[in-house]
């Protein structure tokens, strides 16, 4: 974080890619992109592109653990070898293992797991192109793919990353801001419920900055939520139960 | 990656066999007809070269990355080429996470041999300091949706990503070599040497190409011919058995298929696509 | 390391829930009360720094070791820090031998982030020859008995072992660097920056800290706040969901808990213990 | 392939070891060499020596896959650490994994798999000394060991390698010809059926050269087939069904 | 063994730490130290400290082997990363795998395995601080933890290491003596039975030296046995059957 | 590699026990009698030394390979020795593919210790440039058929292959060292130091040597003594228990067995065999 960026991250109130601090990059979505999967989605936050596939609910291979009273969600977040500046070795890193876990714990809170006892729901996330904010893009893609699979959800989940450049809180970090910024605060939100489903933090933050970050994240989620709804509309009547 | 994906009911099998014996296929193709092919290159901005191939419902993406490497002792004047193929679990219900299994390894090695012998890639251009420092060229092939014929579609993705590849400039500073990723020059492939594969599947005594997954699962034999349109640069017999006459037929047939197909491929890899769509 | 350890009978669950709804806990603690804490440092003579933490029946030992290393390219003027957490099978009936699983990796990474951002460890002091040779500082955290709240107890063990750490002298001889383990100097940590974590568990709508394993297994949510007593240096939402109001509450609460707890910890790490007792 | 050989591979129509282009090295065979195995064979093509053992048909360890209607063949081709010029690390390489697969697919076509539902037939191949053509020697050894195990076969399988030195097509490559020649065409044949069971190709070949290679392989197989029959004779009445 | 020690290992009949050749370091013990385990013990031989935990008899995870007529003991000897001079990688080494096996085979002879068919008894040994003689300290700790778990034993097992400095046979090697001495003879004894349960040897020993080593080991075991009994006394009535 | 191979019927067990209590064995051997031994060396042309041992139906092959290596810091004037033992699945129905298991590792380590302490191999002759470049000597032991007594037969294969070993010449060119495999000189082993093992198996109170697999499976104890015929260079107690008197007996007995056996072995390793036969 103390590293010197190649270009100033903020200049006249604008970020390296010309955005305002609280401005999110363009978000694009596609669902049903993988014929084999029960649900799938391709989501881009600017140049960050994640492909999500959902298989299940299905009977798991015997050696995997199931629960007698609910479905078990398994999540695999993975970066394709060509998705990063230096080639990424395909073997899972400790970082990927941790992210898989926090994404899983984000999704568990919105899936009606008790409707599918003894089964698994597998969520596979492949980062195809990484330009920062890959884990939050992955969550949005995962949620969309779950909805595309027709799996009943309490709410859609929207991932938004927040960061810091000096004292300025910014939204939706790109790679440069992620590498050279002063903090990273990835957040996932069940938008209508107002629930926080993922929240991690890197860097040194004042409590008030965290609070401001959360507010900006909720604000940015609104638009992404709208896009998700429109992407899904006409395809399925999403089962949303209160 | 394991077969079969699912049991095909015997009634369905019978129908398909009868169709094929009449020279037809469920999707109205000829026995030697391919599905619709689309290739878009330059779709992954973080890669030095990339391509996504849609062959029917089979989707394969490939990315090229250049890294610094050391040459092998017996080839001091050539860059290194590594072909890796992954079958991530999102591509099929039976694929599992983990290192490439025997099926993935086999395909990567067929493609590796075809690329190497065809002389499509100018490996001699990938030397930085002879005997000391070369480029290592990674071809990472990633299956996104498996609906049959992974060998041919992976080969298509590989050659297309290579056609799209740009080499980052090497900066030599005394004994130190670094790559400057902001300055890249187009890789000079030899298009006339571009290899492609045609993989034949046997159902009863009939040979078909470009099977769907369903056709692939019920086939009794598999045979791959890799050619640059003139010579044979790799062969791989998979399951089943073949007679010398069948081999002869497949080889000759491949040469003419590849000749035609290469024209299409070379056209499709000309213009980089704007963005990644599946 | 897998959850849950065992099934808690539903009658017992009900009792615990009712207790907690009344602001009480089975061992008479307040919802935000911690169990008895003891820390003894210097207990492992083969380590360059060590500490054993008893938090109720949870026992965690941590050892610091310095090795020679190379700096990362983008931090030529900093030593390397590696945090590793193991959950050996002796610590719980469900722990299995093998490399750290997702739970162990998660905890190690939270602690790593908190240590790194708090600036508790003077990584700039751990340079031997800038850009060429630095100390690699290993923090090995070893769970000996798991009775809940591994994150906070592991964090306590880590900061205490670090407070106890002594750096072996580096001997530079031309291009050669060696460590002389017989001559050590105290590591100059920044005590005011010492980070600690407070992990909150949700049972129904109630938040508790420092759960026993039983409480942990029946909880619906987990949220960790790491702070130096002033700033937030790491957050980690685990299971369940939290509202912005809850997050606010936990953050503010943590800052005051950490302020008090740090005074205790700094006192306990002052005097090395004579020997290892569990 | 473009590498310069230390000695010319062809000189006055003779190869480095004095053979004519279409001449196979001496082939020797021994069966029943491993008391523990159900069938076994030691086969040498010149200085290439492969030991094959067959265990089965047997009930597999639960974690392995079986088929309800036929036996599953598993093949492990492996090179002993001392079998090569530089010590071979015993961990399986990608090359060994591929060869195991193509050998398995060669054998599947001749074993009456449907006679042994729910069982496995394990074929273990250890290259003890490598001087080129190890995969085809392995196939011959595997076929012999299967016959030695009394497993009903449609035909014996004979492996023959073909290669190229310039325009000359040669039979049964040794290590030098494998390393410095212009092509490698390993072939396995069900001799009486006339079936091709393994066929791979390295190098650049004209279609006519491949055809010539196939012809030479069939010709070389004749003699090896004869030796196999004689090796087995008197030991078992081989069950050969049309 | 031919390496030169930094200080003489024997000087005026005294060892580097002032001990006489046949003198054992102080032995301290603690039982019941791990609430989760069925039995546990912390044992120190001077600066060598080993923590032992016993889980079981318990029903094993399906994938592990059990015997229909008796319990299976599994032992894992492992060194903590900070227990050695140079950091120990936590992955098990060949040395650790071998020691786990010989310790298991030492314990098997004293546990009444036939009382617990189809179950496993897991013994986990963690070397927390290593100053020589870790495997024999581990055995003493394992035996104590088994007794603490209330598992019926034929006898207590005491580990003692014997070594050589030149012609002098010494007892209870420390790290320096282990690294620079002329031989290492770890021994484990079922004290009242007079059984040898572990015995390994490094270095070059005359038969008479081995004999003398065994005698010294039995002698040293006597005192350790007494300490074990006292440590266990009042806690459990140990079930000891002849 | 796992035991037991199969269940021995209790009637058969009884018969064997009775036989042994009468000092006899199923194949008419004495309790301390070995099976027929044949050793043929030089059987693997790609190895720098090799031997195949047939001990009854147990077959073990060993190969020696020399590679370039770096010496360990504390032994700058010695070559490296690595003993590896594999139990490939062709050797027994219960052996599985994969890295050496605990049984294979144990045997390799016993042999390693015996070789190292006996001073049979002149490790000081295997130095190329002191402190910088040495030979790494690989002893790869490969079990081909397991019919009991793998320790002793593996030890025999190892010492025989070593006796047969020839060292490729090292060519020093400035800082560069290469091996010239076309020029080899005989390794000067010290035959009088050749270590052998005798492994004793206990059935009831009786000690036998060189068991068949059947005898091995039904034994209650195992104890290995390694000796050069004068001194003890390794011991390994396996299963069961032994009294000090039994240990004494086995040690003294081993010394006389090894004295006789070494004469046979030294004779058998004199003349390289023409070719590999099993």
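By letter and in written order, the chains are A, B, C, D, E and F; residue numbering begins at 1 in each of them.
The rule is short, and it goes like this: contacts are C-beta pairs under 8 Å (C-beta built on N, C-alpha and C of every residue); 3 or more make two chains touch, one makes a residue touch a chain.
Source: prediction; values computed, not measured.
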item: Given chain A and chain F, the chains that contact each of them; value: none
item: Repeat of interface A-B, chosen from B-D, C-E or E-F - more than half of residue-number contact pairs shared; value: C-E
item: Furthest chain, CA centroid comparison against chain B; value: E
item: Most distant chain from chain C, judged by the mean position of its C-alpha atoms; value: D
item: Whole-Å separation of chain centres (CA-atom averages), chain C against chain F; value: 49
item: Distance from chain F to chain D - Cα centre to Cα centre, in angstrom; value: 31
item: Distance from chain E to chain A - Cα centre to Cα centre, in angstrom; value: 51
item: Contacts with 2+ other chains: residues of chain D; value: 63
item: Residues of chain F whose C-beta touches two or more other chains; value: none
item: Touch-based graph of the chains, sorted into line, ring, star, complete or other; value: ring
item: Chains listed in ring sequence, where chain A comes first and chain B follows it; value: A, B, D, F, E, C
item: Touching residues on chain E, where the partner in the complex is chain C; value: 30, 33-37, 40, 42, 44, 47, 49, 51-53, 55, 58, 76, 78, 80-87, 90-92, 122, 124, 126, 128-131
item: Contact set on chain F toward chain E in their complex; value: 2, 74-75, 102-103, 105-106, 108-109, 113, 117-118, 223, 231-244, 247-248, 251-252, 255
item: Touching residues (chain side chain C, partner chain E) in the complex; value: 44-47, 50, 57, 59, 61, 63-65, 67, 84, 86, 88-93, 97, 99, 138, 140, 142, 144-147, 181, 275-278
item: Residue ranges of chain E in contact with chain F within the complex; value: 1, 3, 65, 94-95, 97-98, 100-102, 105-106, 108-109, 185, 190, 193-207, 210-211, 214-215, 218
